[in-house]
């Protein structure tokens, strides 16, 4: 006897952003077939337009009165947190698009496929920010990763690019395998994949058996890889160096953020009861990540590679709030969560900005060596100033956005107030000083050193890059001066139990 | 009103940014205009100020700023902040004037002036801020322009000096911000300085000590106090003239101001426990700086070390936690600002004329440029604390106050400090006169006999006269400053419970 | 007028600024301004004196006090306190200064910094007057320091020669060293007197036992340090002879009326703490008297061996100051002041005289003078008068004042001081005789063509000669006006200083001693008796050598300065550069010029590493960690799984 | 449920388990790439059989179709395209074999211990035979979103792979 | 049947996969090893599904299978790309970037 099939309730308003992006990526793919080389430039515009278009439903959702829209048994939720991050991903995607336009065009790489993959990856991220269920998270993760693997190898004829792709792919797959194993155990223990239900079963003695511990650990490892936390960071520098710079920017910001989003959901909804596991774990990861990242960054001569390590270190700062979120009964959970989200927003802007500058400069110097930045200020003052802004923001010098990000982190730390937390805070503080050294050394190159090859012809920066620079710089400075902006996003920590 | 005073310069900087760098005259004119306007605003503040109530904040502005962390845009000035605020305004104005026709290499007035204006906003803001986060933002805002000023327009060793200055101060600030946040959570979830002062006393003593330690690192490095001073000589030696002037005249004051405005009133008990050690470092600094001076060959470096000594007096005054001491400290800050600023100006002009600062090669300045020479003499005497000139009122009361520190501090310890500090004044006389003799007296060295050395010229006169007048004026009418500071200081020390020992009897 | 005595310092001060800014444009290059101002000031001073004397006894000191500024709940006032002592000082200072001004128009004629010189003179006078009229220690200290400043400016007037500027610095630093004591003393007494700088209040408190003896002793002792510096008491007297590097009129001003007597004045003014602190009335011996005594003898002895006429006078000044201090030390307050009074005149006279000589022979050395009696009659006569007065021969000024000191010493129970005083008298007479002999007697040994000085210089000499002769009579037995005009009385405190009536025996004795001195010296020089005695008797020889070398004190001090201060400074700087700075940079770092070669390497490494304290280690750490990044993907994978496994075990055990 | 079925189940499982482990072991040790592919096929087939044993036919068939039908073939193509020599080949392993073994065993130990501790001797009791419809229902019901997204993912993988692999 | 029978089997296969990934030089073999690991996961899922007596396990497994296939495809594409540029696929030759 056939069972009646009850189609699930789907809130299409809530799904609108994803749907739009899906449609657009389909259009891009199709259009790619019918356009011949000269008109390919259209594609990027279509994609960009699509991303902006997808913002519209996000706004309408944000303004709509009823703010938590839960679907399919709580497996897919659109709330404030989800909206903010979707917006972030769209924004990042748009900037990366701007960075890539000329790059892809001039490097005569496949354009249609490039934008298509970019969009699908972004789609994965958007799904991730709403996913509240292991399966959905897994699918979203793969959706954002797999295109990224291929994008990393997009400079097909370049060995470094190939190598980057392979390393990223292999380690990525391994990490997700480990994560899956962990997920399977969690499912085996709870019999469900919905995070909220898992969360309910994370209390009591049964929840404290080693198996659960192991499972949680494996899952975290899977994402620790994504956010390139030491000791799971090894792929990052190589991949970043090899991949096409816009893709690098994308990886270092978007997919990293994706990983953090997943972690936030898993930890705060799913495993919050087991802070005894992930608290110390994140503590170790954070300390290692900050320190190792910064120390190695000190020794880099290639700017992309240096930025790679810097972004590792930054991930370390972002991990700090996780470490203390559970201490003394999750007293500081709320501030910690907020700190992470804020840091992610700010980090996206400043890191993208820095990478945009790298692309712009490379257009002239054709080199990624830090030494090639000598005397940049003399022939490209604008770029030099912007770069300084981004770098010092990364270093956390007020009144730039990066400073507030760090303040939020420190605030969370002291809110928890345990001696371990404070110790971690001091480590972070010291690290921020170490970091300043290599950021400042680039500034030094740009401002105080002579031009290596007396060539002082100014850099021709295409409009798209100018736009990208404009947006990122604006964000960094405006937030720097008016951090209150965050308040307008409503409660960012809508996941905290 | 106050907001204008703080942000006018940075607006000016923004304007400058849109003027093509070729239009130098215009750039300079705008910069001059802005700084002058700022100063005028400052002066009007001065006139609008209610001296009868100098103890309390005036011109307060208190808007919500970052509700997320409950930090507010709260500014205001009391008798302590006002003179320093004006100092920074005037100094910047004069620096603009001074650099009118000689910008250091690489020329580029546009960038230079922009930096100077940003710097001014930072300094004014720090003196006006009444909210820890706001304070910190301005406090740090000062770093970058100075970093670039030293690093781009500085001397041969500039890169090292600039990065050292930068990292050093930032290290302090890193711990400072932690301390601030700790205050936030321990002191009733607010960054508002007045509120914290009201509640600070309630924090447990142990916690206070730790937090104070954080603050101490932040401020002591900026001052700079004895073991943390090593960035200063490098920074000063390498910095362009104007840079050194601002650095000496205003930046160092940020640290001491921090002690008076934040550390002591909010954490009185910790302050008491720390005071003897601060005092110790202070007097060590006095002697140490003086000895450092005696071993110098480079004029600018000598003046830099003298700053260490002078700030030692200021810190000694602060360490006593008495009305006398802290009044003296504030006065000392202003005086040191004027005098040392002047000395650096002169050092700059001398280097400009002789292309060297080596004492061994200079001499007979009085013969070639008598006015310059006598101005130098004047400043040297002002700096060694000659009564009737500004320097004296920073020095003498500080020593005076050490005779009888706040209740609860060991009198014996501080009397020893007093004696040492007093001996320090002799050293001061020693190295300053020695410097003066080498530079101004005697006959011209052979290598410069033929050199045409022009005497003080117009921009220099314009830039210097106010300072010189100030030195004389404050020397003769210390009241001009004390009547601002006294009440405010009274409130500070009252939190330490030192009023009884300071005002009474 | 007494209440407006503040005008007296004010006028020269104004003159200073006028001369400074407009002097060069004036017809007489500013000298007229100075002289005019001083004349007015002098007249005003005389008026004050008149009014003071005119007051009905007991004379009430005139006060005028204004709050200058207040902070720390304390009133820092400025004001004047005019009593006999003040008036006396006002008169003396203005008078001498006026003379010096006039004299200088001739002496400094054509000097490069003529105008500037007069400006400095005016300021100097103003500062001294400020010191004199001030009613509180703070203000007094300000005047005190300003005096020091001016002495620096004037002693170093001819700063082209390193010697002069050196002397100027020496003077300033030495006195400043004493001033440390002064400052601390003032502070101590400030708190002791209940946060009050007022001098009269201080004296009152001290004498009525409001302040503990211990505190007073400390305070007074500290103050006395300042006195020793300013009034060139042993062992801080070394600066004074060098100060002769300044132009002679300056020396006159410094040594006769102003700077050096400031110390004596201070003791006299703040006598309460000294009296009680050192328990002077106990008799026997005390620090003040002792220092004074030592100074008397030592300086007098030094005066013997000088060839530079000004140095002779300088040492004689020191020894006379010793007299004054000793007088105050033995409680003979009036005597001390009186000696200050008389001494001012004849010493000024002597200095100006010597200046006139130098002006004539273009040399300070008596070995290049001789036989000037005919050539310079005015100078000769006035100089002789001065010398006789100084030697203390009846009835000239010196006789009376010195006699009173001896009287005080004997009556207040200081026999030792009495002896010292007599020996001093002998020596004084002797060395002045020697000086006069070398200058005026015999044949002219110089090369220039000496001639009498211009009237602008001659007249001051003549004028000064008058008080040098008569001033002493003020206190002659039966007259004794001075002690009535100038007396130390604090309202509310019954007089504790008792004046003693003239004692013929003692007076006779001192006169005899003085004559003996003259006799001996004349025997030595005019008659050539015991010629080369010092060559024959080794002890005397060594004695002479020691004297010639000023007891090697200068060398000692130089040794101290060179041998201790500079090495310490160097060492400290070395520590600074290498230890502290190094700790900071994580490696030793020296930016000191000259050490570049040594430090470049370290610099470089430190810079490349992190300057932020981790320094090299951070860098090394970075390099080591880089090796983990081998580039081999499967090693990365191994790291991934390995870390996972280890963490797993760790956590399982942890939880 | 009848005892003998249980016995049978156990026997079958035993055989399957042994085969799979053996095959998997050979897979990671053999020096012949093509053989390795075949061993992989064996392991996968064994897995399929296990699924049937656990009454998940649909998954079992998907396993057979997708894995053995597609993946293995794909891999074989990969082997061919990368001209790996058919037949024995000396160095298919790298020099960190021992490290690898160590890590693997360490991991195994950890997993084994934890699992043993967790599910001591829990039995898989009565197994309800689930009709494919149920599976599809929940796929198109609760898991419709990931399902849709997965389709995009497959498309992306396809397009991307083509773009990368195609010679130009 | 004991649940652990299946889990242990899965664990063994998983670890063999890990070994393969770490020890094999040939990229294709590494891919195969990865498949082993994913299969181990699937076995877990199915076993748990039966244990917990719900359908989610099977669904999860289906997703894993699908996506694993996609991954292999991509992996091969990348391997081919490299092979085309370097004419071999030894993983430990790939260390252009390090440090």
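In order of appearance the chains are A, B, C, D and E, and numbering begins at 1 in each one.
Rule of thumb we're sticking to: contacts are C-beta pairs under 8 Å (C-beta built on N, C-alpha and C of every residue); 3 or more make two chains touch, one makes a residue touch a chain.
Not measured: the values here are computed from a predicted model.
Chains that touch both subunit C and subunit E: A, D. Ranked by C-beta contact pairs, the top pair of chains is D-E.
The chain with its Cα centroid farthest from the Cα centroid of subunit E is C. Taking the mean of each chain's C-alpha atoms, the chain closest to the overall C-alpha centroid is B.
The geometric centre of subunit A is 26 Å away from that of subunit E, both derived from CA atoms.
Here the CA centre of subunit B is 66 Å from the CA centre of subunit E. The distance from the centre of subunit C to the centre of subunit D, with each centre set as the mean of the Cα atoms, comes to 103 Å.
Centre to centre, using the average C-alpha position, subunit A and subunit B are separated by 43 Å. Touching two or more other chains at once are residues 135, 138-139, 142, 146, 150, 153, 156, 165-167, 170, 174, 188, 210, 213-214, 237-238, 299, 433, 436-437 of subunit A.
For subunit B, the set of residues that touch two or more other chains comprises 159, 163, 167, 171.
The multi-chain contact residues of subunit C, meaning those touching 2 or more other chains, are 610-612, 626, 629, 631, 633-635, 637-638, 641, 644, 648, 652.
Under the contact rule stated at the top, the pairs of chains that touch are A-B, A-C, A-D, A-E, B-C, C-D, C-E, D-E. Subunit E contributes residues 1-9, 11-29, 31-33, 35-36, 39, 42-43, 46-47, 49-51, 53, 55-59, 61-63, 65-74, 76-81, 83-84, 89-92 to its touches with subunit D in the complex.
Of all residues in subunit E, only 18, 21-22, 91-92, 94-99 touch subunit C in the complex they form. Of all residues in subunit A, those touching subunit C in their complex are 166-167, 170-171, 174-175, 178, 208, 210, 213-214, 217-218, 221, 225, 231-232, 234-235, 237-238, 274, 276-277, 280-281, 284, 292, 295-299, 433-434, 436-437. On the side of subunit D, the complex with subunit C involves touching residues 94, 96, 99-100, 103-104, 106-107, 110, 114.
Here subunit D touches subunit E in the complex through residues 6, 9-10, 13, 17, 20-21, 24-25, 27-28, 33, 36-37, 40, 43-44, 47, 50-51, 54-56, 58-59, 62-63, 66-67, 70-71, 74-75, 77-79, 81-82, 84, 91-97, 99-101, 103-105, 107-108, 111-112, 115-116, 119-125, 127-128, 130, 134-135, 138-139, 143, 146, 150, 153-154, 157-158, 160-162, 164-165, 167, going by the rule given at the top.
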